[in-house]
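All chains are identified by letter, namely A, B, C and D, in their written order; residue positions are counted from 1 within each chain.
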Amino acid sequence: MHDTMSRLRTELIAAGQFFHSRGWVPATSSNFSARLSEAEILITSSGQHKGRLDDNGFLRADLQGVSLEEGKRPSAETGLHTLMYRRDPAVGCVLHTHSVNATVLSMRLDEVVFDGYEVQKAFPGVGTHASRLLIPVFPNSQDIPALAEVVGAYLDENPQTVGYLIRGHGLYTWGATVADTQRHIEALEFLFECVYRQMLLDR
Amino acid sequence: MHDTMSRLRTELIAAGQFFHSRGWVPATSSNFSARLSEAEILITSSGQHKGRLDDNGFLRADLQGVSLEEGKRPSAETGLHTLMYRRDPAVGCVLHTHSVNATVLSMRLDEVVFDGYEVQKAFPGVGTHASRLLIPVFPNSQDIPALAEVVGAYLDENPQTVGYLIRGHGLYTWGATVADTQRHIEALEFLFECVYRQMLLDR
Amino acid sequence: MHDTMSRLRTELIAAGQFFHSRGWVPATSSNFSARLSEAEILITSSGQHKGRLDDNGFLRADLQGVSLEEGKRPSAETGLHTLMYRRDPAVGCVLHTHSVNATVLSMRLDEVVFDGYEVQKAFPGVGTHASRLLIPVFPNSQDIPALAEVVGAYLDENPQTVGYLIRGHGLYTWGATVADTQRHIEALEFLFECVYRQMLLDR
Amino acid sequence: MHDTMSRLRTELIAAGQFFHSRGWVPATSSNFSARLSEAEILITSSGQHKGRLDDNGFLRADLQGVSLEEGKRPSAETGLHTLMYRRDPAVGCVLHTHSVNATVLSMRLDEVVFDGYEVQKAFPGVGTHASRLLIPVFPNSQDIPALAEVVGAYLDENPQTVGYLIRGHGLYTWGATVADTQRHIEALEFLFECVYRQMLLDR
């Protein structure tokens, strides 16, 4: 497991540097996690700048979000990560980022719909642009367990969901590996910028 | 031919890194190819991130798009590359990129027209800004042979074409060398951003 | 104190490089300072490019803004830095940056209001997005003592203020450390871009 | 003179890399020059990518634009550079760049006016934001001598001019040194983006 941990840390640090170069993890926003085993995850600890992470910026937690390392506090939003690992053993990574477009769209729409974009094929199970991808927007809350419950109920009803927005608070997405999940972020941010630019032309 | 292959791989890898720094090859979108000989091309294999290519991210194919390397699958869109190599022995490189502007403009226009821009002189045979450059937009399709037929018919009628868009799916352009084709991408993306910014002011 | 000075110079140089990469310190605009002791600060000297600072780009000054180094002239705007160090012994850093958004918003609004953004939690004492953060805009002036008086009077009335804009002239913010203050810049610039994008959609 | 030439080449190469990182020198657009002596300049040769210059990308020319190096062709636009060196012995550098904003604004306005921006102080002789800076726009032409005549006549009437735009063709500015001129570019591009963003809000 030490090798796995070391590899996942390296992958999450690199992901954070890439997101930072695009402006998607401002200040100390955002959280990254990856699965270590059936019962444990690695997650960024509270208050870190996600573009300048080092090996000390992580902690191990169980799938209830309890820290397995003394003196290290998991982020408040850990519950939104563990929700995904509990729901599906195939989930190996959860990334929460915080771009301008994710924020602005989430404050103006109740869902973001992608339709006719070739890039929709970046998501598992999507084989054609002639499909409809819907990203739901949930109201923001500082009560993370309550928010996790709302998200969980939605995912029960809509198991094909690839990611969601929290109003004024950014994006959550997940995948089998860090690379897969980073690809989802890149595809979703591309699509958010397309939607924003279309909205400007549509007014 | 080994030297040629090695040089072309290096050039295409560098092109991908540059396009990635600009956000023009999100997720695993886009495809790059270059001519190895009269009858063979080098092309990116399926599912690679085009901003992080290495020497293993390519395969050799013939001008019908058949892989010449066992176990390596060419991208679905190889047929749009080989079309160009078959049409013109002077074509040494075909690049397909996937920017936000190429996507948004292709979803709103049937053709993109450049008129009065000095940068139009970046294209072969254009000696003055006082010219008109037209980039056609073709409907997207997952049926690549059918799409290649539509493109080929258009190019028969309009042999001076320097590139085309597929709706919601990005840009194809070509040239004698990787450097020439990369310059076309850079010029076209510059012009797309000009056109988008003009459209915003025109509403 | 030599160690402190060396460390603070390094931190301010790195901050300048980051701001430059984002376009927030154009030409020779902007000024950075950090506290050396109860009675002394380190501040960028006049006419430097803030994205390419080296160890010679700084001077020591007292809290009245008088240079403590012969032959080195503090920036004209030093008085807006020393104001903050005199007001609060906990202030360890003052950063003045000059982005396009800070400039444009300051020329169109009398105050910039952030409401409902999770990123507001980047500021000390803000525990929820359900809060209201107000960034005042002061008229620009080449008479820095007069401007400092206006700012000081406002801060007396509004001690919870986290930063302010000068019309057509950029942003001032402060914090306990260089890292804290850089985080405030990053959060405020994120929020300015959100507000600008919302204003475009609102017209 | 060899030392001067070597230093100026290095400075112009670095300037080009910076402009390229911002997208201000797309494809093979733009030209850079610097004064070698009373009667000679160094100028980028035709067809170079200005973001990837090396020592071979330059040639020496006299102040009439005649190449002093056999087999090296000066750019067609050399006449707009030599005009400035002939007009004023204090001019040590002329930079022509080609940004999206310079292009779009030049196609919609007959002059670009800056008023109330602190950054106007980046230009020689400007001591306050409460000033008015006017950037004229000249019609584009492939007849460079004719264009140079129009520019020269305007500068005779308006000697305080700090730069000009050619319609659809980008920006020319100049200064005593490469660093000064690069600062002018950075300030003007900052101001162009401010003006463009204001125009969007004003519609």
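Methods note: contacts are C-beta pairs under 8 Å (C-beta built on N, C-alpha and C of every residue); 3 or more make two chains touch, one makes a residue touch a chain.
Everything numeric here is computed off the predicted structure, so don't read it as measured data.
S.K.: Starting from the Cα centroid of subunit A, hunt down the chain whose centroid lies farthest away.
M.R.: The chain farthest from subunit A, judged by C-alpha centres, is D.
S.K.: Any idea how many Å lie between the Cα centroids of subunit A and subunit D?
M.R.: About 45 Å separates the centre of subunit A from that of subunit D.
S.K.: Averaged over CA atoms, how far is the centre of subunit C from the centre of subunit D? Could you give it in whole Å?
M.R.: Chain centres of subunit C and subunit D, defined by C-alpha means, are spaced 32 Å apart.
S.K.: What are the residue numbers in subunit C that touch two or more other chains?
M.R.: 200, 203
S.K.: Edges wherever two chains touch, nodes for the chains themselves; is that graph a line, a ring, a star, complete, or other here?
M.R.: ring
S.K.: Considering the complex alone, what residue numbers of subunit D touch subunit B?
M.R.: Spelled out, the residues of subunit D in touch with subunit B are 23, 26-29, 49, 98, 100-101, 103-104, 107-108, 140, 142, 166-170, 196, 199-200, 203.
S.K.: So in the complex, the part of subunit A that touches subunit B is made up of which residues?
M.R.: 22, 116-119, 122, 127-130, 183-184, 186-187, 189-190, 193-194, 197-198, 200-201, 203
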